[in-house]
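What follows is a pair of complexes built around chain A, which joins chain B in one and chain C in the other.
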Partner chain A sequence: MEHMPPMLAHLNELAAGLFVVVALGIVATRQVRACLKFFVLQSFFLASSALLLGLAASSAHLMAVAAINVGAKVVLLPWLLRRLLKDEVYTRREITQVVSVPISLIIALGLIVAAYFFTLPWLDAVSATGACRINVPVGLTGLFLGAYTLANRREALPQLLGLLAMENGAFFAGVAIAPDLPLIAELALAFDILVVAFVVGVLTRAVHEHTGTTVVGALDELREGGGE
Partner chain B sequence: MTNRVLFNILQALVVLCFSPLVVGILNRLKEIVQSKRGPSVFQPYRDLLKLFSKDEVVPEESTWIFRVTPYISFVAPIFVALLIPVLTDYPLFWAFMADMVGAGFVLALAGFFATLAAVDTGNPYGPMGASRTRMVGFLAEPIFLLVFFTVSFVADSTIPFIVQQKWVHPISNFFAPSHILLLIAFLMLILAEKGRLPVDNPSGHFELAMIDESKDLEYSGPSAALMKWGGWMKFMVLMIVFLNVLLTPWGLASTLDWSAVLLAIPLVLLKVLGFVIFLVLIESSLAKLRLFRISEFMSAAFVIAVVAMLTSAFSW
Partner chain C sequence: MILVAIISIPIVAAVFSAFSRDNRTPGILTLASATAVLGLSIRTVSMLLSNSGHVVVGVPHWLAVDALSALILLLVALVTFTASIFSIGYMDFEKSGGVRRYHVNFNLFVFSMLAVPLIQEPNLVWVAVELTTLFSVLLVGFAGTRGALEAAWKYVVLTLMGAAIALLGFMVLYWAAHHAGASRYSWGGLAVLSPKMPPVLLKAAFVLILVGFGAKIGLVPLHTWLPDAHSQAPTPVCALLSGVETTVVLYVILRLVPVVAPVQSIHADTWMAVFGLVSVGVAAFLLLAVRDYKRLFAFSTVEHMGIILVAVGLGGTAARESALIQALAHSVTKSFCFYAAGSVLLLAGTTKIASIKGLMKRSPVAGAALLFGGLAIAGAPPFAVFLGEFSIIRTGIAKGEYLVTGLLVLFIAIAFFAIMNHVSRMVFGAADDAEKALEAPRPLPNICVAALLLAVVPVALFGVYIPEPLGNLITLAAAALGHGG
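Presenting the complex of A and B:
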């Protein structure tokens, strides 16, 4: 992968840049539906990076990874969530955050810089070249921003999306570091994601039926007297 | 040499003559999207004619600042038009007079005087709008600087005539993340800087909610014409920077003869038309942000600009 054609290399960088931008969208957006759309876009950019690296190395394996990603996260996952949580996903209501949006974005910026700061010495130490220099810091960025979303949101579905965004970040670094991971592992992972989404979806529905809300951040207090 | 001087003056003339037309087309298209007929595309020219033939009233309490400001806001965009590639893709006579940061300073000078003039009148609405414009302005400032720094870092130059060549030679540079992300950040910047939706509603006439329009409320007659014309020219100059320096550096004259340069005029206007259609789509599909959400919009643009810088600085 050291000798990528400049066009593919730049397109891969572009996918990486947009990957970070939509991760910021997941952090900062106020609507559940927009959050889901940003996640779908992020998975799409992950798949395109895998596809571009696959084209550069002419490896059918990475292209299969891209196809699995598109199938599981761009098509199946939104469909599953929409079936499970119809009104939840489609309502245009705004969701709350612990930290306000501009401050969240500044914190996210700090996390991005930190991701570069942590990975660059390591990349220099192993004298990595080519796609690794892009994908590893950006993947770590995706991981950090997903974790931050998980901490910052109080809503069930955005928390799930934060978790899955972390997984996307790990994958984004993975396609560059370990392009030869066995296909069965990728398949299992894609299946795992659907199971996680399914479980969280069912749980959220149960919480919604029980308490009338999906603000799971508000469930940390014990109340006397049962439901209203 | 003579040609280089003449072409440079021609650039300023193009911006001077066609900026009202661009605004007229924008307004007409917006009305058409709203299923109305709308005013003629030449209405801005008629407005200018009408205002120039009218008498002028000046507030008693105002000082020389109020009287000088229209000339400054009229001249500043013309000055910038000399520095940027409007028609040609090679440097013209005055290209090295100032770089992009210098052009930004000139536009900022006009904004500074417009703010002072708004405060100068003693009308309560003027200072209110001016302070809002400053709020958007100081949020926009770091984005401006980051965009310029990233551009000059990537292109090794701060002269816009040289920068534009960088994005298409080789063509793969066009897809560099620094380029695409800068485009997004700069687009958000233009929307904020020129008071378009979602930051400000340019067609709103309610003084309490105005941001960009309220600065020239007190002007009348020829001064109002100069303020309006200057604002339109600034809009066109920003669009041309976006289109010719950053987005599509094609369709410009590359030889020193008149036919090529004259052919570039319709091509550039065509690009501007495309951008205006895009702008109409944005403006028709978004609502105005609440005042305190503007900072969210601007911080998003800021973070995108920083990501552009990071991805270009560390990807070797």
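Presenting the complex of A and C:
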């Protein structure tokens, strides 16, 4: 990982840049369906980075990680969500946010800068070079932007995608700093993502059937001193 | 082999429950599975002890138990056993549909909780912790009411958000271990390597994991989901969630203690003491305000997780040992409290504290159980929680940590007053206008009474006498928390 061929290093930077751009897309988009598309693209760029780092280190292991990511998040996950939540995904409709889009983007830019400065001491501590210097700050950015999406959205599916985007962020850092996790751990992690999608999908459906809406932000009965 | 059996049995039970034809078989399967797991767990502990605390290996490098994981394994098995008995009575009484669905989820949930202490590879442990959320979330929303679905949603979103933060923590931990020259990533290996890891990375990993998994054990400020989830779930599930799921996740944080505590610049003790104290304090004041008795016990879980963290944060073997005694006491007592609360709910049909009065006159069994549970969890002598809290406070004073200990005593006292104030109002007092609310359709099912009677034994026993093997196990586990291995 330390000595990447310049070509692969540049491509990895490109993948990292696009990873952040689509994360911003998840923050800013107004449609449920577009949110899902941005998430799939983000997973694709994550897999690209794993593949490029795998090529650089001639690591079959990282290439397998890339393949697992494509299989689980680019192919299976959208399929599963479409099956579980047909109306939710296919209806073209606008979704509301707590904070307006322009202000959200300014906050998001602040988070990107914060992620960079947070990770600087980590990188200096191990005098990291090469891909680590790109993937770690971008990974933390992904985590932050996912968390922001989660806080800012009131709809079930965008909240789920915010969660999964957070995990994508952790993985984006992971492919550079933990490149040789046991394959069984990688498979378990991919399986876990699918279980997340399934469980949250089933729950969303139950909420939809019960309340006629998927605006989970409106569920606020349970609290201390509440009337229930 | 025995460890492989322990984690496979619940899966087998889940599969058979899914295919059973009638509504009685799944409950019996769950009970049989829980009994087998309890038996095998006790056997594992005795193997461990007869081998002077050496690690029992299931699959080399992947599945193994040392004293600390054996203690957690035992707690999970014990509470699962009583919860599976209570489940039968509860599901019978409720006459609700979805018995099969309930038991499939129940067994999968138990599987994930057993996997956490047994697995040695930290990333797989992370997956197991995430599975504890995923398999329990549909149980939290089981009732299908607006409240239950809301609780399930908050639960899944907040804890998975925490888990994603913790995932980055585990990645950074791996980075640090790799930098220190690790060839294999396991709990034991991490503790050995920690002096060579870059302290900055180790600190980042520890804080990320503490905050991330802190959400799952209800540390303030990410505790808001906990009283919702732990009160909306079916009663036996509440017992599992509050009694052992929190303890299991706390175990993962404790696993990091021997890794981070020796490195002075991390100040791990301070982090844990501060997080713990804030949680105890906030929980104590919220306990005063609750109006729902299941939420009362849920907030008390936030309080107790805080107490345990403070105890670990005090540092030293004596403090760690008392923290583990407290964890043991909390698990057995809190599960009993929820069985008591669940019995009251079955009879009264409401969880509002204000609509229940004179319980003792209406149903002596439920009333006595609630009073007993309330006293035990609030920390009245001579129960197990009292023993734990007392030894924590004694250690704190002996170490000269007067501020921390003083605040802890104050918060525990407030919580005690709050819990007893609510409980005594429900148990005693005239049963005037409560007559209607408590028009019990049927008496409490015998099987629920049996679960109560079984669950009360350790609550009463551990306060006055901890059996010698268990005492040895706690001592060994506290030593494992101290320095490597």
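Definition applied: the second predicted complex is superposed on the first by the 220 of 228 C-alpha atoms of A that agree within 3 Å, B and C clash if a C-alpha of one lies under 4 Å from a C-alpha of the other, contacts with A are read in each partner's own complex, and residues count from 1 in each chain.
Simple rule for what comes next: contacts are C-beta pairs under 8 Å (C-beta built on N, C-alpha and C of every residue); 3 or more make two chains touch, one makes a residue touch a chain.
Bear in mind the structure is a predicted one, so any value in this text is a computation, not a measurement.
Asker: Going by the touch definition up top, name the partner, chain B or chain C, that contacts more of chain A.
Answerer: C
Asker: One more residue to check, A:169. First (chain B), second (chain C), both or neither?
Answerer: Second partner only, chain C.
Asker: Applying the touch criterion given at the start, work out whether A:196 contacts chain B, chain C, both or neither, answering first, second, both or neither.
Answerer: Touch partner of A:196: chain C, not chain B.
Asker: Quick one: is A:70 in contact with chain B, with chain C, with both, or with neither? Answer first, second, both or neither.
Answerer: Neither partner.
Asker: According to the stated criteria, A:28 is in contact with first (chain B), second (chain C), both, or neither; which is it?
Answerer: The answer is first: A:28 touches chain B but not chain C.
Asker: After the superposition on A, what does A:184 contact: first (chain B), second (chain C), both or neither?
Answerer: second
Asker: First (chain B), second (chain C), both or neither: which does A:50 touch?
Answerer: neither
Asker: Based on the A-chain superposition described above, do chain B and chain C contact any of the same residues on chain A, and if so which?
Answerer: none
Asker: Which of the residues in chain C end up touching chain A in this complex?
Answerer: Answer in residue numbers: 121, 123-124, 127, 130-131, 134, 137-138, 141, 144-147, 149-154, 156-157, 160-161, 164-165, 167-168, 171-172, 174-175, 178-179, 185, 198-201, 204, 227-228, 232, 286, 289-291, 295.
Asker: Looking at the complex, which residues from chain A come into contact with chain C?
Answerer: So the residues of chain A touching chain C come out as 121-122, 124-126, 139-140, 143, 146-147, 150, 156, 159, 163, 166-167, 169-171, 173-174, 177-178, 181-182, 184-185, 188-189, 191-192, 195-196, 199-200, 202-203, 206-207, 210-211, 216, 219-222, 224-225, 228.
Asker: Looking at the complex, which residues from chain A come into contact with chain B?
Answerer: Touch list, chain A to chain B: 6-7, 9-11, 13-14, 16-18, 20-21, 24, 28, 101-102, 105-106, 108-109, 112-113, 116, 120, 133-134, 137-138.
Asker: Contact residues on chain B for chain A in the complex?
Answerer: Residues of chain B touching chain A: 170-173, 175-178, 180-181, 184, 295-296, 299-300, 302-304, 306-308, 310-311, 314-316.
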